[in-house]
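The structures come next, written out as structure tokens.
Across the two complexes that follow, subunit A remains constant while its partner is subunit B and subsequently subunit C.
Entry: the complex of A and B
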């Protein structure tokens, strides 16, 4: 066994050269073959790589998909995000438990199956969804699970069980049962105007500064959510000295967001070409695709696309017979929402724990391996490709003055046609709702959990950076949904995903989650509302990165726009105790064999 | 004399450090007893509540059923209830066991720990008179309503003095930066 493991690790090392940045790859190879990364494996990796055992353990323990205990030969990860519950995840959860005879977080006695929860896997338009050994299963139902599990038990390979996917998902290299759900056509992304290499050839006639000037004049803002000017970011990066890097941030982990998945499936060349143009502008020779582990099913397909581009001399050495060299490699994450924060992503790409760095210095100054690095959303890179095909003026004429171009929207929740839409910036919320077939809409979570929960009074507002900014995720709730429960689910997510480095985020999210539970149990008082507000405001000031700075948004925005969902549940008393004596002594009574005669209040029955 | 506010104190799952800190107000204790009258408290050794008190001061959180009963008794008999120090406010050092199963805690303390006398046959104490240990250490405000929280481990004597004198004289207490920052 140990020899096999050594072979497995050595194979990765041979493929990649032993450098710290490949640690995640090595850990993945061990997790995949051994179904766990225990201390023996860590000692072996340490021996073969020279990285200390403590360092390896610290890194492995950070990521959700790496486990110290055996995770089952077949590891099931069911998405437990809010949208999953809207679509009926509770039924699916029970079906898994029934079919396998174990609870979530457990492994069957014969170690064949492991059952776990995971955060949003980017399938919000086809929930409930689960990953089974990296294979995505969508639109799960009770009977579908019964069938899947019985087939797996009879030894049928996972790949043979899945249904047929839509569009490129049906390709041999992807072979997933996922639907793209592209719901409209658009000027920038959803059309067939793309001709491979056209934009890059155009860019190759310009100098770096000219390219940057063109991106600036197009008004393109980063598509991740913050909306920082892409041209300006490139300009800052170019000015700094070092080996420049270009990174595409495909750690699309914000629950409710899945548009990058569609870009990657249908239009990956446009992303790669945009990255190449960025590299040409700032003088980079190496690009990295940081792909979230949940999208690993796309890796072979993307590798193949890159290979085709190399063959067409759009990547590699002396691109289009110029002196420009650039190539792109793919790095896979291991399950950590925080790695969507650019400095955490860089740490993770370097093979370390995905903890955010102190900023400044920003990545444009000291990014990957301490070098000037541009990190952009894949949608930003794809937009760049269209700009160098159609021109900056064309792009700037789309959308609004401050928010040019079109935006991809991930639409999920209560509507007839969930999926991905391309709209020009400036579209009103109302227009979006009409387009997607949403009826009796009561609230919308705009921009994912770290965005805002908006009410009907916002529906006439325009979606753009001048008015209602968003990274493009809209989760729609109609009037029969329990909003406060959704808010609590969002807080469950942040409690799970906080990296734990700084106290405001580590403790604050837990306090918010516990207080919401108390209110949902009708034990909340006015004091608890004050605690929610106080705690949120501390987190917004004192957290170390964007996660903690924005994770209280579901609470603050729901309180601002839907105060009644709190008021209706509040107790009139000034204090309601959540303490239950009978429950608190149950464990010790059981252990010492004493009868538990306490009631909830603490008197003897 | 009759109008002096009546103060009661108790130490639950604490180390008595907060009470020591109260005594650290030194000779000001003479001024304090001009202002208030102590009733049930380890300082007076009065064991039972015979009358309603104005201010109850609690050191320590709740680690067993008796702590809870005691705390509830204080809440019933005191108009104002104060959590004094880290353990009462957050569970403090005793809360380090939170997250460890009871069985493991008891076995470590009474059977396997390095300080267990190996000469005897070690047992887990289980006399009927003994209170039951709780699944975790609870801060006081999760069990009853707490009106004021005085931070510190232990809160320093000046803070306790300032708090009690401002409370009985009806002034506002200003928490200085140093009283909240410890590193």
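Entry: the complex of A and C
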């Protein structure tokens, strides 16, 4: 056993050379083969790599998919995000428990199955969805789970039980049952105008400064949500001295967001070509795709796409017979939303805990391994490819003055046609709702949990950086949904995903979550509302990174736009006891084998 | 070119050296900005946020922000004081801090800062997390109930060959201090004392010496934290 493990680790070390940045890869190899990373494995990795056990334990324990205890030969991760519940995750949750005879967070006695929850896996348009040993299962129902589990129990391979996927998902290299759900066509992404290499060949005729000038004149802003000028970012990066890097941030973890998955499935070459143009502009020789672990099913396919581009001399040495060398490698995350924050992503790519860095210095100054680094969203890179094919003026003419071009939208929740849409910036919320077939819409979570929960009075507003900014996720709720429960689910998410480095975020999210639970239990008073507000305000000003600065948004925006969902549940009393006598004595009653004779109000019956 | 610049803290004009952080500049100028995770000669971490100040309208941590010419720093304004108190209260409610029975009482910086701000009860409900007391070494105990995750020990405690001894595992509210037990032999009496001393609270405890200085004769029994400033 130990010898096998040593062989497994050595193979990774041999493949990647022993460098700190490959620690996650080594940990993955252990988790995959041993189904856990226990102290013995950590000692062995330490012996073989020279990284201290302390450091390895600190790193491994940061990531959701690495477990100290055995996670089952077959590990099931059910997505427990808000959209999953809208689609009926509770029924699915019960079906898993029934079929396996265990609760979530447990492993069957024979260690064959492990059952766990996980944060959004990027399948919001086909929920409920789960990962079973990295294989994605979508549109889960009670009967589908019964069938999956019985087949797995009879020893059929996981890959053999999935249904057929749509588009490239059906390819041998991907083979997933996922649907793309591309719902319209568009000027920049969703069309067949892309010709491999055309944009790069154009870019190769220009100098780095000319490329940057062109990106700047196109007005392209980063598609991750913050909307920083892509050209400006490249310009800052180019100015700094070192081995420049280009990184595509594909840690698409914001619940409700899944558009990068579609770009990766159908148009990966456009992302890679955009990265190559960025590298040409800033003088980078190495690019990294940081892919979230949930999208690992795409890895072989993406590797193959990269290989084809190398064969076409669009990557590698002396690209298109120029003096320009550039290549891209793929790094896989291990389950941490915070790694979508660019400095946390860099830490993770370096094989460390995914904790955001103090800024300044910014990644464009000191990024990957201390070198100047451009981190952009894959949609940004894909847009660059279109810009160098059709021209900056063409791109700038699309959208609005401050938000040029088109945007990919991930639409889920209560509508007839959930999926991915390409719209020009400046489209109104109302127009989007009409396109997607949303009726009786009561509220929309725009931009995911870290965005805002908006009411009907926002529906005539334009979606763009100068009006309603968003990274493109719209989760729609119609008028029969329990909004406060959704807000609470969003807070559950942030409690799980905070890195825990700074106090406002580490304690604040828990305080918000507990207070919301109290209100939902009808034990909340006016004081609890004040508590929510005070806690949110501290988080919004004193947190260290974007997660803590924005994670109270579901609470503050729902309170601002839907005060009635709180008021309706508040007790009219100024004080409600949260102490429950019957609950307090429950455990001791169990031990002394006595009947619990306290009722809910705390008096003897 | 002179490397001295001018800035103001709460309206008071001070002179600082270029490259200094706001905390360092304040200290040199006898202005008290409370800190917990900041420690002399260590790279600033920014975990505790207690030194949050407003600079030109934006809230930043004074320990991790370098001074600039003409900078306007708001330190003890009503708004920043309240924010700071809220942060300190968060530190109290996320752990289990029982001052009367704590070996560090009187030498504890968290307790001292709470006294400084006259905090009697936190505005937030106690979270009462389940945490443990762990004997990690013949000379050391980790009292996780009291750890404020400032990381002073992570940054400041190294063995003679320069290797770190402490780290944090897990994330979010499950984050927990760990010690490298494989390096137990490298931790001598001196290093164990240094670890207990670098801890601002009573989370790293050196065995056998908890009450060697009687309560009433400890650092903050004699002088309030920050009291030496501004005189």
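As a convention for this text, the second predicted complex is superposed on the first by the 587 of 605 C-alpha atoms of A that agree within 3 Å, B and C clash if a C-alpha of one lies under 4 Å from a C-alpha of the other, contacts with A are read in each partner's own complex, and residues count from 1 in each chain.
Here is the rule we go by: a residue touches a chain if its C-beta (ideal position, glycine included) is under 8 Å from a C-beta of that chain, and two chains touch if they have at least 3 such contacts.
Here the structure is a predicted model, which means the values were calculated and not measured.
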Partner chain in contact with A:538 - subunit B first, subunit C second, else both or neither: second
Partner chain(s) touched by A:594 [first = subunit B, second = subunit C, both, neither]: first
Greater subunit A contact set [subunit C / subunit B]: C
First, second, both or neither for A:575, with subunit B first and subunit C second: first
First (subunit B), second (subunit C), both or neither touched by A:586: first
Partner chain in contact with A:511 - subunit B first, subunit C second, else both or neither: second
Which of subunit B and subunit C A:62 touches, first, second, both or neither: second
Complex interface listing, subunit A residues touching subunit C: 43, 52-55, 57-58, 61-62, 336, 338, 353, 358, 495-504, 506-511, 514-515, 531, 534-535, 538, 541-544
Parts of subunit A lying in touch with subunit B, wherever the complex brings them together: 574-575, 577-579, 581, 583-589, 591-594, 598, 602
Interface residues, subunit C side, partner subunit A - complex: 44-49, 52, 59, 61, 64, 83, 86-87, 90-91, 93-94, 123-125, 127, 148-149, 163-175, 178-180, 182-183
Contact footprint of subunit A on subunit B as seen in their complex: 65, 68-69, 72, 101-103, 106, 124, 126, 132-136, 138, 142-145
